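First the structure, in the form of structure tokens, and then the observations on it.
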């Protein structure tokens, strides 16, 4: 089976730099995949993307060495199994709030006996190779998002679940959960503390930790803080921000 | 009929700042339309976009005040009429090489008696209003691209055609035509001269002039040179460049 | 944040006249949006529409002042959050049968602390404006469908849930639930009674009430009965009925 | 090969009642096909439809006995051959202005030796049956639109072309061509005369004649006048008009 | 209502030969439907297909007498009701593990009083006919997949549920569940025993039994063993295998 | 620029074995690309595929080493340039009938000074690499189809055109042109002679020759006859034939 570069980076102690895809288009995904991201995450939760477009995007990413990851809309077995069958090598699941949630997440993403994933890895076989069935359980990387009060309360129980590879933090949701205003980077103190705590606890339990960021600066801070998987903005945000900059230059130049 | 802001800007002596769309997606088009571009051009020629996606993108742009423009793949009546029926308020036609080409372009984009456009402005009526049929001929803006040796040779004949509103320059094609390497901004001297000449001749014949640019700096130079319609890069380029920058910051920070 | 005209109509004591969309097409949605409906509901439950097409339809509706509403296929957090992120300003959820159902509906459609909606209002920000996060909870309108025996039994408990704005009645399902044949308007007596009862109870609990109708006549009756949100047939039904009429006129004329 | 009901109706002296499709959706096409139209025309010219959606619509129509017809955007061999390969049993070509145009139209829609259609009737074989290749030339019906001054001038030459089955009139374009305002039914006198003349000349040359109408009343008048193929409005217009009616009833009822 | 040929075959003691669709395309579905399969199953679970494409495929199948069946991704009411509304005449639900699962499956696929399916059979009415509402409960065929240890343990309880028509075996998942390697035909002994047992028990409880196979040979064995519904490979597998064969013949011929 | 394996095979004296794609789906294209074809041709002429789907299919093919080729619907500059911009490495153009046709084909597929292709290789840069502009003219392979009487008459003139790489024969169209019944392999004698003649003449003029076949046997015969590019049936035909075989085995086994 094609090895998962996420695991290779982690084994070598290298952080993984992740891009984010919210635009439902194979071409924008392929363009992003040619910029040098280690991984690209097709966001089926908050991105304007559903399963059929996600498949087109996984395919587009597969023209390069960038690893296709996805975020599912919810902890639901149907979509979790469908994205894996379609060849995702990493999956991020939002709002994991309890040990039971984490156990379900692991079960639905692993074949028996480790889990209860149904068999039929249709594009997985194309992308991963014919021995996909034997190695999928140990190749695919599964992230649980910690972003609610419940998730914080049950963090150690969640981190204790075997088969879970990593946790992932959405600072905006975590901020809302802690009664703060939503933000990516410049979060309020309780959120900052929670983020540090999650990174520390993950390490303690032998799990990897990932974090969503709005800027490269913050991604570097998170890496320094111990995060091994950092996201930097998204296709749509990069495009919008670059547009605003370019327009401002012209408008300013004209006046 | 909803007025065409391109004409309003020109009447007021203001240059039009145009964005470029190559990603076949309504959402990326809508996101771009919210950044403040005067116009957005759906590129059906070199963009990865065909008619059906272009309609979705015109619709997405129509949620804002940004004016929907499009570039057709070729001087062909079928697609010219279809994009107008779908509500485009400006159309850029590549490779206009002769007076006959320019006359056909005008004919196929204007209703009788000015032209031979077939009647059926299905989405044009939704976007423009019920009086679209009476005013379309004087509202929609038509650009002829000057980008070949023939086009340069016949420039004055092309500029003499009534009903043609403007010319548009693709510096890359013009460079190739003049035996130079393709470039957007930093073109070789013969191309630079041709560009200046086209702007001057257009003015002489009472036509507007537009130019494709790769950067805001060059857009400003072109405006200074007399261009009234300037394009600054595209959705895909802005996204790719911003990705490269962000990645470089992280990679540099790590070493 | 762009105000929700549903709330403005209700605040002014005006009923909201709603159209229904079952055809998966941005163009038919845009055409409908230009006819003057107060709101248009993209039916992801019984319409032949899934999320990706629904986004295209929300966008098409957003070219006008008509408010985009949607009906989700089921009380499931993934799709509820996705349609809100995509800019829906109203959401109708089928088969709310208990207080717990209603509480989940409210939780999944409101940000903390009122609920547990995950943060990422990607197209919501485009449609609603940059202050969407602060005002979404009080702007978006949430309807619970009362259409089962359980729902009737637990009606007062459901109506007691804070954050629920309104109930919505599907007379066909309610008919089936009460052992009657499915109908929109000319329902059997037990259904008629239930409908009146629901409207009365909703008023008592300070909630708004909506009803699905097959004809304008019935919509008017429902308004008179106290309903503040009335649906009149759907795109597909209107088109089919008008076709049948037109064909009948020609066939009759020929014989 | 599945017989073409258009030819059967004509052989029996019955007029064909045609519906018009401008909405790019298989479901709306299938819904229309269940209303009893003899034929349905997928309008790739002025409808918001391109080839890929047209195929989906032909398929949807093929679930019923309604005959799939299409209007191409222009007299261009690529699209003419593609729609026939996709199973269209009738094709309407806009703006046939000369004998040469009509000869090209016939050539591009017929296999050798009658024409130069390229061989590859991929969905034609599914819809028509395995003997499609032998019978396609005599089964498919080809309409030339007469809608320009040139077309009127060259009418008899056009009607003389063997292999052309019928002419079709778009009253709006014909009106514009004759310097009148565009209209479907209530055309100005010069247009009315031209329409009558075309019907008479078609009969004289042994061709069938079709006409676009806005109402059943006018379709009946056209049949009486000798037309054997009458169109009555379109999916989008029927839906829009029915919406306007329904809304007016409610708004009136409320005041 | 259009009768369900699955029930007709079963009533006549004839096994049903089922094809499998994993390619998200109306054209490949229509091509398959013309080959003579009794039924075709649109696989929304492991196929690369979501709801919107499934509808296009049901429509394509409906151009023939082949019966449209589908497998949903999971036991979830939203998608179960949507595929039935879209006209599926058979539904296969994966991973039915308990009596409660089976009861939910029956409830969500039957109108009251037999179940709680919500009313709105939009394309069902087109495909089935206007009396669909009265007969759907007794016409549509519902299969529960038995493919887990729990499912085996609770087999008799599952088979006791009224309204469930049949069970369906996925030998790969069953193999994994029993600690064997996944296979379609040549399964390991414990799986072979389980398959025989399921067929026998189904008969005992008056239910039909279906099985997934990789080859016609095995399909025949399963029929002999008492299965009344047999699947033979899929569109993608048939195409891939035939490609490999054709290529091998050329490569061999060249050396 | 990524080298074109077609040229590498030809330089090494190896024939190219080509598969054919008529199903509009990225997944079926990707599945085919994993079977070992040297090249896969996306048929936009007779396949049920338009440009937007073709791009998705080129992308899917690009996940492997198989070379993406396409057949355009007609000798028309718009689509020829669009497929090259989208990354096709080979293009087959139907119905080249004269030296002028062949010259246009070469012009429209090569940048100046060899031709007049417009500059904007958007996905070509992703697939081919950043030096695509310098090498595209010598990398991409252009085939002219010889399939009409005119094409046969003007064969030597066509073969004399510099920049044309190869000819391609569609035996069905050639059969029709010669007054024979359409066939792929077992063609009538005049067609057989023409095919041999074309291969011989191509060799004489230093061009490569390709041929469409229905079976591996015939592909081998054509290679022996001197053809260096052989097509073997298509995705849809392989799938249909394999279905028919599998079904026949079951039906036979049952009786």
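A, B, C, D, E and F are the chain letters, set down in written order, and residue numbers restart from 1 in every chain.
Note that in this section a contact is a pair of C-beta atoms (placed from the backbone, for glycine too) under 8 Å apart; a residue touches a chain by one contact, two chains touch by 3 or more.
Just so you know, these numbers come straight off a predicted model, no measurement behind them.
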| item | value |
| --- | --- |
| Minimal step count in the chain contact network, chain A to chain F | 1 |
| Matching chain pair for D-E (criterion: over half of the contact pairs shared, by residue number), options C-E, A-F or A-C | A-F |
| Homomeric contact chain E-chain F: same or different residue positions, threshold half | same |
| Length of the line joining the C-alpha centres of chain A and chain B, rounded to whole Å | 38 |
| Whole-Å separation of chain centres (CA-atom averages), chain C against chain F | 52 |
| Centroid spacing, where centroids are CA-atom means, of chain B and chain F in whole angstrom | 34 |
| Residue numbers of chain E (touch at least two other chains) | 22, 24, 27, 31, 34, 48, 50, 52, 55, 76, 79, 123, 236 |
| Chain-to-chain touches, reported pairwise for every pair that qualifies | A-B, A-C, A-E, A-F, B-C, B-D, B-F, C-D, C-E, D-E, D-F, E-F |
| Chain B partner contacts - residues on chain C that touch it in the complex | 26-27, 30-31, 34, 55-56, 59-60, 62-63, 123, 126-127 |
| Contact footprint of chain F on chain E as seen in their complex | 15, 17, 19, 22-25, 27-28, 31-32, 34-37, 48, 215-217, 219-220, 223, 230, 232-233, 235-236, 238-244, 246-247, 249-251, 253-254 |
| Touching residues (chain side chain C, partner chain A) in the complex | 50-52, 55, 76-79, 81-82, 85-86, 111-113, 116, 118-123, 133 |
| Chain C residues touching chain E - in the complex, by the definition given at the top | 22, 24, 43, 45-50, 52-53, 72-74, 76, 79, 94-95, 147-148, 170, 172-173, 175-177, 179, 181-182, 236 |
